[in-house]
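Below: the structure, in structure tokens.
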């Protein structure tokens, strides 16, 4: 179901980049929860643009308005619906592009799929803006998980070929994950921050963009979440993560690097810690057979460079079928990786609540 | 739904490694199809063990028996059920391991999830053997797709750090994909075959195992399959691919490498070919905004080294909680990558038929 | 999924009787549709209260506001979201009832299910008011079906033991179905209207309520909609119809009366009409084996008498567990059957679009 | 999903009346259950034909063979698959009917839906025989429910216009429900048995058939099962019950008769019993707002007269489009109501396990 995800904590998002508003309906929020609205707003601000030189100049206050599901600050068991107004729209920016699909965007495929009726203003329903309602739902999900002692955090693992340190796959803890969320620019090694920012600035200067990799972890998980065969944790998480625009790859635990190891190197020996069975290492990324092992659940997602660039690009006019050169104006992120960090946390949180 | 996948071409698999049989129910096979049973058998043989020195010595004839859905060789619209007998079981091999979870396997998480009742013989429901019914369904799916001019093929892209050539993301065609399927050892560059086989033999010699990466492509796809937001092609394909044991990563198009590029390098310029809009390059892997672009759809999946190794490993006795050393006997593949190749094709085919 | 229905024309409703607004997200509306907003409003007015002496004095203008999915009056393929403001709320009416579950309502079961946190104001998420977004979606569905020549209509078949004439199961046509939709009080035999209205007035006078039966028909259907086994037309339609508050029974074709017939009476002989195979009679209600036969699809739904009555009733205080007597004030319909008529049409339309 | 039902206790049935076998995959059986195979067989025998003069002379031993999901008599958490061989097939009986759709059957609609490829032998996938795997799954479901103190039973409520006594909607208990299951001919009032049998015999004598109504009850249910809006208990139960061939109506609690009552008569006053809130009467049939109230859950289903009758009937040749007269030979039940009784119990049990 295109705009719905999940069977237990079910989200349905709606809206387009330039419709009146965007929003989400969440079904499966337990009754009796007191959502921390300040925490939700703070989480959404992490995704919002305009925080620094590395992001777009668009202003999106993104204050969510809750339409249903909460009575006197407490969830009542009915679906929770929240909307975010689409202010500061400049749809005119897109008029010139109506028949000129932007390379790397969904303009062309959407045009074909929806018989020419797709809303192309700002990417329409395919816009990265749709991650705002995702993050709203993720903020709620994180609060539900927190009540069970589960904490989620993410950082920029790589950006323009510059690596941050990886999460310690065994030692990562809730405190570290919370600290990174408070950073303006979420990296573990603060010394790589400047290099990354410089790379973003250089790309912007060139009318170009850069991509990167985000690493996301959940700690405090019990053993036994996820189902064998088709609904394992990797399946559910990857399904949702690929719903975030610009994601083109995902790996769990040792992932692609693990494919280069031998079994004796990649297998995680079992041991006992605090009376519980666990593993000595965590190449498995907290998932064995699709089921959580109790170790930190870790994935890395590849984010492609922002397709909206100022440089001249070749496209084809949808009506005349003539090649044309376009230069994308408007206000765009030279790198969306920093803003995608909370999106990964949101996806992880929502996916976890949908594991049986 | 744990053992079911899909909404249009819906598969439900059942069985355990050592149950009487394993099987699959397929709902959504169009009526009037004449399944080519020889082609199905040939496809299953590609997955079957025992083809060479690099695979397990187990014999699995894996001849499928069709129980329903076909009348006089033609599908009738009712669900197609096929079973494969589990012959040549040596469940005794697993008695010694009942309380000793094998590192890298699902034994421990299954034990916890199913309150100690999980079938641990041969990996039970988590066994790679469950990919046999997946491949049966995939063989049917490939035949359905073939009627629409869609062809799927895969090869070993990397094994024990040795790279095969990649598919030409623009030029790959049905003929090449079919040819590779006929190879004993599916690589594009035959000169890497010996090195890969040597690496497998060396690992086996050491009582160890190796992993690798499989690249899978589909050509002949129309523009417009897949849905925006949560049910894009990447979401549906990755969901199913992670249902194949040992997969720990997936990437589409330029994937993780693309995250290192600039937008101007990773964006695929549009052009016109044979009167149709297409792209000049294919970093997007045939998917834009979750929707097929008409270009070859390409993914690569990371396969971890076989966790069953002869080398001594440390585990914990599930009842005594004492550390113990185990050596896994039985008949195991030092490398499952070659046998996983048709599994990737099967997953691709089934996933494609479930795109809206 | 509690608040979602459907796999092809998927609706997700949200809101409570006294939340800021109620609404619906519709996924699966074809791109390029020009929704007739006047027709939608007219359809919603048929459900709205306040049209006559037989309905509640509450004013609900129920003007829907479309938030997404439509650009310049045309659907764009993105989910269509519409909300209806909850004006004219008098939540105070419900304070006295907070701990006194109303007989015949969901107050008690909702209290238990949602651990005391359910929104009890006006029935909360269980309110008949939730049929307003259902009718919005139904109005869209009817327009989609109309483009394929399918027309839906319903009438009050029975009210307070007074029978209207039944639809002619063979001869009913689109014109008749459209005409009945234009009536203030939808009955086929206008001579029963006054008796029904008198029965409603008498019940109101007594502080009581009456129920009835609604008959709903769809004409113009092709042969072959619906699936064998679990997703036949009766299954999908009844699933949705029972989602309308106060429905306690449904029958298709000859239904319960047919259970009294012999096979030779209830079987519908086949014949040929206009070159097409059809049946001479229509005891099967347009569905054979769960699949539409091309004959008018007809169901009847039993609507219980409005549970909100002014008469004294016995209940139990949820905290003290003492029996108490309540008298329900507020503004309530002595009979909701007339307002439920468009709801049945909406359910039929939405269900039909979800048949494979 | 045509042949699958449920989200928590998920069943997938396969097979046709004359395929090698029919079967069911059940996903969601808790690990550690010791299925009572004798009880399953006894339950299946209640559905099996050949028990008396009132049923078909076909012999179906219907001994289920369990293929997976059980190890040493205990469920292991993996999907449970069981098959029943189709012995005693006489497909030749159907050759003459290949192009002559039987009135009241799905032959015509199946022919159209499956482009002429439907398996018409014995009704194919639409056959009442498909209720055997349903009953297998229902027998497992009943055992799971029994562990929570929930008991299900059903009886012939009406047959050929002869009424049995109704269940006492308040007083019905587990003992009564179990006793009725042991009866050869399940009626509460043994004095109506002979009249019903005589009516069946008379119909048979005339080459005709009769229908009836089955009443099914579940006791011991907790308060709070079922979800508001679209997945209430009535929705889930009716969805599955209409999947049983020949069902054309369903009502819960006072149902259609309740639509004739006033609110003051139909509302069930609350009271306290054994320290728990409950109702004094049970017009609501154990469901309020789609959620179980703790009172007996009661539905009645209308079963149409067996469409297979020996009397001459008019049909149309599918190829020539000429009207022809057919007389259905073979071995058919003049009344399937008695055999449908355990099917209703199975549907109730499976549906209950799928309520959230």
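Per-chain numbering from 1; labels A, B, C and D assigned in written order.
Following the convention adopted for this analysis, a contact is a pair of C-beta atoms (placed from the backbone, for glycine too) under 8 Å apart; a residue touches a chain by one contact, two chains touch by 3 or more.
Keep in mind that this is a model prediction, so the values were computed, not measured.
The chains in contact with subunit A and with subunit C alike are B, D. Looking at B-D and A-D, the interface holding more C-beta pairs in contact is that of B-D. For subunit A, the chain whose average C-alpha position is most distant is D. Centre-to-centre, using mean CA coordinates, subunit A is 47 Å away from subunit D.
If each chain is reduced to the centroid of its CA atoms, subunit C and subunit D end up 27 Å from each other.
The distance from the centre of subunit B to the centre of subunit D, with each centre set as the mean of the Cα atoms, comes to 39 Å. Counting partners per residue, subunit B has 1-4, 7, 13, 77-78, 110, 113, 125, 228 as the residues that reach two or more other chains.
Note for the complex: subunit D touches subunit B at residues 1-4, 7, 10, 12-16, 19-23, 25, 27-28, 31-32, 67-69, 71, 74-81, 83, 110, 113-119, 121, 124-125. If you check the complex, the residues on subunit B that touch subunit C are 7, 77-78, 228. Across the interface of their complex, subunit A is touched by residues 1-5, 13, 101, 103-106, 108-110, 112-113, 125-126, 130, 158, 160-161, 203, 206, 208-213, 223-224, 227-232, 234-236, 238-240, 242-243, 245, 247-256, 258-272, 275, 277, 279-280, 283-285, 288-293, 302-309, 311, 313-316, 318, 321, 323, 356 of subunit B.
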